[in-house]
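Shared between the two complexes below is subunit A, which has subunit B as its partner in the first and subunit C in the second.
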Partner chain A sequence: MATPRNILPADLARLLCAGLTCSVLALGTAYAETAAAPQTEGQKQAAEGAAKLAKGEDDEPHIGTMPKADAHRVYVNDPAHFAAITQQFIIDGASGNVLGMTDGGFLPNPVISNDGTVIAQVSTVFERIARGKRTDYVEVFDTETLLPSADIELPNTPRFLIGTYPQMSTLTPDNKTLLFYQFSPSPAVGLVDLANKKFDRMIDVPDCYEMFPTANDTFYMHCRDGSMAKVEFGGAEPKISHSEVFHGEDDHLINTPAYSMKAKKILWPTYTGKIYPVDLSGDQAKVDKAIEAFTEAERKEGWAPGGWQPIAFHRVKDRIYLLADKREEWTHKDPSRFVFVIDAKTGERVKKIEMGHEIDAINVSQNAEGTLLYGLSTGDRTLYIYDEETGKEVRHVDQLGRGPQVITVSDMES
Partner chain B sequence: GPREARGKWEPQDHDVQSCNYWRHCSIDGNICDCSGGSLTTCPPGTKLATASWVASCYNPTDGQSYLIAYRDCCGANVSGRCPCLNTEGELPVYRPEFGNDIIWCFGAEDDAMTYHCTISPIVGKAS
Partner chain C sequence: MISGMKTRSLLAALALATLGATGAFAEDKVTVPSHDAVAAAEAPKDAVVVNIAKMKYETPEIKIKPGQTVVWINQEAMPHNVEFQAGVTGEAALKGPMLKKEQAYSVTFNEAGEFPYHCTPHPFMRGKVIVE
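Moving on, here comes the complex of A and B:
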């Protein structure tokens, strides 16, 4: 950044006092230099700018590039309360710096690969802002320049326009195929060939929702009848089979489960805090013993999950994070102030983290050491970042659009 | 006013522009009355969807529950006025008839599919 926006008193003093006598500013210099607080990005840039100026170096304005993604890269999508134009913020969770942004249309679905090499979205624009001819498209961004590297039009405007559910658009493990969901006129899944930058085809599916890929030609869906469907699309005709029905009609599974493609495992909470571990590693979906996040007494006190993206899973630590609070029934999309950390193997509670804010979405970096827990407040438009081990808030990133709701991370760990 | 976070749904029957107006018990988005429409009509320049999600809302005045068919007014950017999110009886997307995250613009003229606001007409009595 050539022009620092936040200038330290120390730097101001150097800039303004050159050749002058100004004791007040000099005092400011001394104070700033002895302050113990770590430098903010703005202060760092100011110091660098001042140092360059002092050395007589010229500014050379240019367009920056994105650093290579690491385990602390985090993406915050802002559906902006249904606005026709939206944004995604690309953030370094370790420093709390916004590294870049991408623009989206109406309710886009962000798609980020596990290795961090694909940043894409399935998006919708209209010829005249919110009216006129509609175009649905997939846009892939160069991860270094954030310039579009592919722009693939989807025929017959097939996208499902809905509040942003992460599993309504996803990638196969080889990152070569992008899947997106169609609701109307009938349930279907669209295949986009990212390798050849073209729309491939729509696959008719039963009355099922969301996609959980396990192989380059296989994904699972969750069906209205309470079963999981397996869809194999490698052949000329898709092969579709169903698991047993695993939950009752009145057992409501939330819209935004956690899915680890590397573990082939879904952690799927209900409105009351029962969590179904859905194992997709076999021939057909198999549902392991459900975990109860709360004791009977806690449920009576009103403890239940709630928010937009209220569950996260750490694959290596095998831990579940559930965003919850004491709440009235039918307030399942209201924010929560606590995260319950649960051992996925034993179902035992590890700890309860007080977030200190009204949090709507959580996620967790997938590195085993220095794991970060992310809590996004739609109301505050702020991403709060916590040390997963201590549960302490370590930094935050504010001014994230108008109604940010979705946190995406990559699972780069082997 | 807006319902307190995680608080009990306490419907009232005296202010349509307030999130706790009884017919808005499962509204998601913006109240059309706040941008030139009314409780049951779309604002000028928008398109009225034919499809809807439903909810059974309790009317504190007559003690009856009614089926509200929430229909979206479409083809304009989100109004930004009187935003509300209520989820009384709201079900996940695999039960779409009770799912309110869906943009219910199907059937609107000119295939308008952008969300502007929602109306709360009664379609019948609920039990």
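Moving on, here comes the complex of A and C:
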């Protein structure tokens, strides 16, 4: 597909920057194309540029800024198939425009606050691209300029270098503390004081993985023995307690569950499509009755979840979205072509959406009206955007790096 | 020649060189007869054995006397090792080689103390040697 910047003469492309989103952002904006809109962003900018040119208005190149985040702001992280350098694309889901980009190092973990006021990442760089001295750090970006507003080094290179699992780095509800996971030499969680821009400390934890914060001094983890651990870190020594074991040894929970911090609820699917609703609103994690996404007949036909980030949860609508397809066992990381929408309260299926593409990751905007369903294809390097109600594809954004895998949204709804 | 070791003083360097010649390497509080995995049959006969199987050190806590040797023997196909974090046996971490099935790795403990360890790729596998 030809992009606007390919079909415009260089001079005109430069002139188009005047008064529009341009400079560092121009490239990104230029490559977003809207499938269904009558006029693409590129065409719109060409028309506006031509009109200004005709009026004799001067071109005034400048560095653009980011608009204020809204419910349709969506972040696409590209781990780039383990490349040493990576990117994140900041996209307006409503228009399909790339608004900005941030650079990252090796397998960074993006962290976006629910109110859209914190864009940060936990990242790793080496002094000679992929070798030499390693530095782990937390970088916070100004949400308007995308300039770094904090750069906090993490001592002793504690990051867990792994394919990007969203819950391996996260924020407390007040956005003042960033948590990141350490795997080796022993399980631990690092605390970074964002308010004072400094590394705080590592907390030793049991053999448990991923963090699900519920309060400014409390988070939960999922443990090897099949229990959840509650970690309260407000005091001098962390207080750790375990829930009952809630799943069997052969019941494999995927690496990328959906977590709503505002609902204090995890939706955790297994390889076969059983979904555990983990309620973190009480004194200890409580696991409600598991939801079966598929009927027994469907399971026999081979229907099972699959992808990188195959589950999403809409808090206000109380709906679960599960990316699935007919598949062989042990193909659970392969893309899928369908999204099963399930009422989280009743466990009933609401509908099945045919995505029309090989999708690896899904998410939903959290607004109650005009909800968008996002489907990211790592292979196509494209974010497909759907109307959640009709299930129709409304637009798409292509050229999103080399192997985009993670979609992050903010939950700004009250 | 000497992997995973840190030279802290001339004396230590000389000690290493001397021991290196005999095939043994001195860490601070321990001596490692071989930094490579050896066949279980070649493990020191008088050592205290810790078998590894089913993702576990079978005797996760053992008590020995100073000068005694512990040998870890992997009994399963899943590779395992023993790793002592920095500051436990010396300034640097002591990261044992990965042991395949029926391979062994030994450490002689020269001083009293507690020596916690874990398996590098399986940090949930943990053990401790208590030297009294």
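We adopt the following convention: the second predicted complex is superposed on the first by the 378 of 414 C-alpha atoms of A that agree within 3 Å, B and C clash if a C-alpha of one lies under 4 Å from a C-alpha of the other, contacts with A are read in each partner's own complex, and residues count from 1 in each chain.
Here, contacts are C-beta pairs under 8 Å (C-beta built on N, C-alpha and C of every residue); 3 or more make two chains touch, one makes a residue touch a chain.
Computed from a prediction, not measured in an experiment: that's the story for all the values here.
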{"item": "Which partner reaches more residues of subunit A (counting touched residues only), subunit B or subunit C", "value": "B"}
{"item": "Touching partner for A:His247 - first (subunit B), second (subunit C), both, neither", "value": "neither"}
{"item": "Partner chain in contact with A:Arg224 - subunit B first, subunit C second, else both or neither", "value": "both"}
{"item": "Touching partner for A:Phe106 - first (subunit B), second (subunit C), both, neither", "value": "first"}
{"item": "Which superposed partner A:His81 touches (first subunit B, second subunit C, both, neither)", "value": "first"}
{"item": "First, second, both or neither for A:Gly163, with subunit B first and subunit C second", "value": "first"}
{"item": "First, second, both or neither for A:Ser184, with subunit B first and subunit C second", "value": "both"}
{"item": "On subunit A, positions contacted by subunit B and by subunit C", "value": "183-184, 207, 224"}
{"item": "Residue numbers on subunit C that touch subunit A, as the complex places them", "value": "83, 85, 93, 118, 120, 123-124"}
{"item": "Contact set on subunit A toward subunit B in their complex", "value": "80-84, 106-107, 124, 126, 129-131, 134, 157, 160-163, 165, 183-184, 207-210, 222-224, 252-255, 306, 325-328, 330-336, 358"}
{"item": "Complex interface listing, subunit B residues touching subunit A", "value": "5-9, 28-29, 75-78, 80, 83, 85, 87-96, 101-103, 105-106, 110-116"}
{"item": "Subunit A - residues contacting subunit C, complex", "value": "183-187, 207, 224"}
